[in-house]
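Note that the chains take the letters A, B and C in the order they are written out, and that residue 1 is the start of every chain.
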Amino acid sequence: QKCALDDLMSSLNKSVASAVLEKVTLSCIDVPGSGFDVECPKGYKPTGCSCTNAGCYWDIRNDQTCHCFLVTMNRIGVIARCCKFAM
Amino acid sequence: QKCALDDLMSSLNKSVASAVLEKVTLSCIDVPGSGFDVECPKGYKPTGCSCTNAGCYWDIRNDQTCHCFLVTMNRIGVIARCCKFAM
Amino acid sequence: QKCALDDLMSSLNKSVASAVLEKVTLSCIDVPGSGFDVECPKGYKPTGCSCTNAGCYWDIRNDQTCHCFLVTMNRIGVIARCCKFAM
């Protein structure tokens, strides 16, 4: 009985892992903002940032917000690349 | 009968979720290109872009293409960081 | 018998795919470093890099390390945005 259940579970795991892989994808959006900071919507995480001025030095605050450092005065804005899993 | 099935499903969900976590990983590649644009291959999504010139201002077009804005004339090329799920 | 098993598997797949989606998230961290290179910890993949100097030209080495190209002498450091799946 025990090993029949193990076999069932492992074959389920494999089939479901590939089923999940078919259904679940990486879903990403660009979120633009003016100034130095832009936050990803709830459920998304920033995977990279673009600082729309010549100096493009950025980090990510609270795992949710792209922050651009002011390097030169020609500040235009920030774009956050935000990703999550979706069906 | 009904709650036995619920228990079976919830224990299957947990074991399969961790099984999926073991099998499915984030698979990423760098795709280089000259000029202003480079597209991720089918099935991949861009998570960030690198503009190989001093000005590094980019956004992502049609959720698939890294686009670098011309800030200075010393244009060299673009690198797209493209990711997807894979077993 | 055969199609009953198929039905069971496909309904399991759907319910487990959504269960996995609830449990499994994209987990990301920022890894800062001085100099030109910074590596993501084991299990993580870089999804983007930030070069903390005016020139922000980067690529990713061995699928694990953010590398910043020296464009101007004012080198400060590198930040790697590292992501993985987590429960």
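The working rule: a residue touches a chain if its C-beta (ideal position, glycine included) is under 8 Å from a C-beta of that chain, and two chains touch if they have at least 3 such contacts.
What you see is a predicted model; the values in this text were computed from it and never measured.
In terms of which chains touch, the assembly is arranged so that all chains touch all other chains. Annotation, subunit A versus subunit C: rotation angle of 120 degrees from the Cα superposition, expressed as a multiple of 5.
Subunit A and subunit B have Cα centroids lying 8 Å from one another. Touching of two or more other chains is recorded for residues 12, 16, 20, 24, 26, 47-49, 54, 56, 81, 83 of subunit B. Subunit B makes touch with subunit C in their complex at residues 9, 12-14, 16-18, 20-21, 24-30, 32, 47-54, 56, 76, 79, 81, 83.
Taken in their complex, subunit C has these residues touching subunit B: 12, 15-16, 19-20, 23-24, 26, 45-49, 54-60, 63, 69, 71-72, 81, 83-87.
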